[in-house]
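Common to both upcoming complexes is chain A, partnered first by chain B, then by chain C.
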Partner chain A sequence: MYGYGGQILRINLSNGQVTKEPTPPDVAREFVGGRGFGIYFLTKEVPPKADPLGEQNKLIISSGPFSGLLIPGAGKCDWTTKAPLTGGYASASMGGHFTAEMKYAGLDSIILEGISPKPVYLLIDDNKIELRDASHLWGKGSIAVEKMLKDQYGEEFQVAAIGPGGENCVSFAHINHDYGRQAGRGGVGAVMGAKKVKAIVLRGTQSISVADPEGYRKAGMELFKACKEAEMLKEWSSYGTTIVVSWCDEVGALPTRNFQAGSFEDGKNLYGPVMRQKIVITDKGCFGCPSPCGKYSRVQRYDTYVEGPEYETIGMIGSNLGLSSIEDVAHANYLCDEWGIDTISAGGVIAWAMECYEKGIFTKADTDGLELKFGNAEAVFKLIEKIAKKEGIGALLAEGVKRAAQKVGKGSEKWAIHVKGMEQSAYATHNATAMLLAYMTCDVGAHHNRAWAITYDLQVGRERVAPEKVARVIWLQHFRPMFDVLGGCRLQWVELGIDRNLYLPALEAITGVHRTWEDLELVGERIWNLARLYWMREIDGFDRSWDLPAPRFYEEPPASGATKGQITRFEDVQKLLDMYYEQRGWTPQGHPTPQTLERLGLQSFVN
Partner chain B sequence: MMRLYADSSKCTGCRACLVACSLNLFKENNPKKAALVIEAHFPAPGTYKVRVCTQCGKCAEVCPTGAIKLNERGAYYVDMAECNLCEACVPECPEEVMFVRTELADTSWKCDLCGDCVSVCGTGVLWIAETETVVA
Partner chain C sequence: MSPTIRPFGILRDYLQGEKEAHVSAGQTVRQALVSVGIPPEVVALVLVNDQPQEKDYLLEEGDQVKILAVVGGG
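Now for the complex of A and B:
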């Protein structure tokens, strides 16, 4: 198959067996690649009700047809598994160079199965595939391990590694790669840790064949030209995702003190230009990216290096914890990366704990003596380590905010800011109905990247509850994740505003298959519905209550900031869901109807 | 004489240039078969270094078969049919961008100044200009 690596690699960790099989053409046709392959293999191969940390769960790592080719930002890698954080579907998108290397090794997916009897790392050097002893790496930080393995194998090898958080199966442990790119959300790192795989070391030296080499080169060059001519290129490349910190602060979308407000009085200290001036030393790009959002920083105060912080980390570890120094936020980012936990979930669960402390539910007896007040950076640093080690209060927080709040009770569930058990990422949604709906219905829990609708809210009236807003969210949920299917990056389209139609001749020249965006959006809808079926299969009684947001957004108007006194009424929350289900062809309980499944060719996945 | 220049401080390590290079040289997608090098120095000091061919011609001087020739752009290129893989050129290259890797290709390769790397670089790392004349 043109444009593909051509093979699926399976590693049975329980018995050490390594097998390869051709990538099934019908799966490539229906699910294309990346997260499409992920949900397909997850649904087909992991038995219902499997323990996310048990032998039956699988970790499915997939590239897409764009990965590794002359396409702007062709460096996105999908990590799909049953999520330890939520008990449902996890699909984490990781940038960097790993996915390109997979393709050069001839691999479309790597599927890790079973559990290794002892710590190992997986070495893939083209066709040489081995499990090697990792006892000397176990317990070490993910950045340190990447450095050790790069020193050992050389610059041509790509490394993805877990930190102690993954080893200890923290429910939001991540996988770190390229010194600062992560498969971040849902606990994919905990699954890797449960399987006793410390790292994957990968090199591929094979060429990737495309269907129409000349057409492909021309279309690829056109895409790069469009990026380079884009008006936003310089500004975007200077600040990356931190470009939105000031805007979010101004419009009340910057999460502040556990989403109690959407504007932060010290927010200006965290804005992109401040960060660039104070700590950024190098712009860092994923594979083939002409518009690098990666900002590599040095924090002199702590003598640490870190990629970031990105907007999400600034929001969740910065304003959401009341931290007002970009150096403190960057250092906490470094600690999360090295210890191997997701900054977004870490920020969410620590903010919840701080609110518990400030409300008197926690005392120092509960917090291992830490003064868990908003703004206490030292306490944040210590908590990150405690979470990764599951030590003291860290053991509670390592479960994620939903389970922690269920255990503690005393009303703290009200300020556990999550959907489906996943901590909400860094957009305060007191009065932004499209973004709120995007979080409510996101297929992995409260994550922003499927439908980033916050600017749209501001454009069309943030409080409006209307069918066209719902339709926009649904369209985004199909369109944006297509880039995770194709193994590329959406940001050239989102941020540079290049014409999305430029991708189509490239995709056709690569794969030899003619596809329109309507065709691709149908694939997106198929994946979306299959993920929904997965939740229904895994969670008994999965219904519309699972799509409700944190009560804070319909019960507690912020006392300050741009959204002071503003809120989304609960009846509007319900109305949004009604419209969403109707437009999707789902029942009032949020289940795809038989007609919808038939239209999408998903009947065989039921029963 | 023209040559390729690189400002390493602007490099983001994306490697688009390497893919474009292999596409031109070999008509293949394979950054391992590119004629320029990006070194990544991480986690500290957190910088990239780009090594490019300066068209100094030392490779051509030592090539026993005369396989390294000047093209219409005034750049030295490898006539792949005439390369005998003797590797005499490799240690002569001051920038270490003269390549022989028999597991990847049955010819040596180097930059022929096609300029495709410049076309895809989004941050202005690379450009082609007259070779600076240094007076001793």
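Now for the complex of A and C:
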């Protein structure tokens, strides 16, 4: 098949068996690649009700048809599994250079199965594939391990590694790559740790066949030309995602002290230009990126280097924990990366614990002596380590905010900010109904990247509850994640504003298959509905109650900031869901109807 | 010379095809945005003479202001 590596690699860790099989053409046709492959293999191959950390779960790593080719930002890789954090679907997108080497090794997916009897790392050097002893790496930080393996094998090898958080199966452990790019959410790192795989080391040297080499070269160059000519290239590249910190603060979307408000009185210290001036050393891009949004920083005070912090980390570890120094946020970012836990979930669960402490539910006897007040950076640093080690209070927080709040009780469930068990990422949604709906219905839990609708809220009226808002969220849920299917980066379209139609001739020249955006959006809808079926299969009684947001957004108006006194009414929350289900062709309980499944060709996935 | 505001990307729609707008000195960027019909809350980044500034920055004669929208985020 043109544009594909052509093979699926399976590693049975229990018995060490390595097998390859051709990439199924019908799966490529219906699901295209990336997260499409992920949900397909997850649903087909992982038995219902499998333990996320058990032998039956699989970790599915997939590239897409753009991966490794002359397309802007073609360095995106999907990691799908059954999520330890939520018990449902996890699909984490990772930038960097890993996916390009996968393709050059002829691989569309790598599927890790079973559990290794001892710590190993997986070495893929083109067709040489081996499991090697990792006992000397076990216990080490993910960045340290990447450096050790790069020193051993050479810079041209790409490394994805877990830290101690993954080894200890922290439910929001991540996988680190390229010294600061992560497959971050849902606990994919815990699955890798449960399988006793410390790292994957990868290099490929094979070429990728495309259907129309001249057309591909021309279409690829058109895309790069559009990026280079984009008006906002310089500004976007200078600040990356931190460009939105000041804006979020201004409009009341910056999570502050566990989402109790959306504006932070010390927010100015965290703004993008301040960060750039204080700690950024250089810009850093992924494979084939013309607009490097990564910021590589040095924190002199702690003598640490880190890629970031990105907006999400500034929001969740910064304002949401009351930290007002960008240096403290960057150092905490480094600690999360090295210990191997997701900064968004870590920020969410630590903020919950701080609120418990300030409300008197936790005392120092519960917190291993830590003064868990908002703004205490030293306590944050110590908690990150404790979570990764599952030590003391860290063992509770390592469960994620939903389970931790269920264990502690005493009303703390009210300020556990999550949907489906995933901590909400860094947009406060007290009065932004489209963004709230995006979080409520996101296919992995409360994550922002599927549908970033908050500017739409401001454009059409933030408190409005209307069918066009719902339609916008649904369209975004199909369109934005399509880049995770294709193996490319959405930011050139999203942030530089390049014409999305420029991608189509490139895709056709690469694969030899003509597709319109309508065709691709249908693929996106197919994936979205299959993920929904997966939740229904895995969670007994999965219904609309699983789509409700944290009560804070409909019960507790912020006492300060730009959204002071503003709230979304609960009846509007329900109305949003009603409209959403109706537009999707789902029942009032949020289940796809037989007609919807038939339209999407998904009947065979039921029963 | 009076300060100018030059919008980029989708913010251009607010100027109905004009590339830039002339505004008065002595007011803040925020006030100037309102005066030309651009809601300050849709502007993510303000550059005055290519340096990032707050929307409370007081405009001086000759300032060249570039404004960028929030489009997609993270």
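Quick note on the criterion: the second predicted complex is superposed on the first by the 607 of 607 C-alpha atoms of A that agree within 3 Å, B and C clash if a C-alpha of one lies under 4 Å from a C-alpha of the other, contacts with A are read in each partner's own complex, and residues count from 1 in each chain.
Everything below uses one rule, namely that a residue touches a chain if its C-beta (ideal position, glycine included) is under 8 Å from a C-beta of that chain, and two chains touch if they have at least 3 such contacts.
Predicted model, so just to flag it, every value in this text is computed and none were measured.
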Which superposed partner A:155 touches (first chain B, second chain C, both, neither): first
Which superposed partner A:452 touches (first chain B, second chain C, both, neither): second
A:529 touches, of chain B and chain C: first, second, both or neither? neither
First (chain B), second (chain C), both or neither touched by A:310: second
Touching partner for A:80 - first (chain B), second (chain C), both, neither: neither
Chain A contact footprint on chain B (complex, rising order): 10, 12-16, 19-20, 22-23, 26-33, 39-40, 42-48, 103-104, 116, 119-123
Chain C-touching residues of chain A, taken from the complex the two chains share: 231-232, 235-236, 239, 241, 243-244, 246-247, 250-251, 268, 272-273, 310-312, 425-427, 448-449, 452, 454-455, 458-459, 480, 490-491, 493-495, 497
Chain A-touching residues of chain C, taken from the complex the two chains share: 8-10, 39-45, 47, 52, 54-55, 66, 68-74
Interface residues, chain A side, partner chain B - complex: 68-70, 72, 75, 97, 100, 104, 143, 147, 155-156, 178-179, 205-210, 213, 217, 221, 224-225, 227-228, 233, 237, 281-292, 294, 296, 298, 305
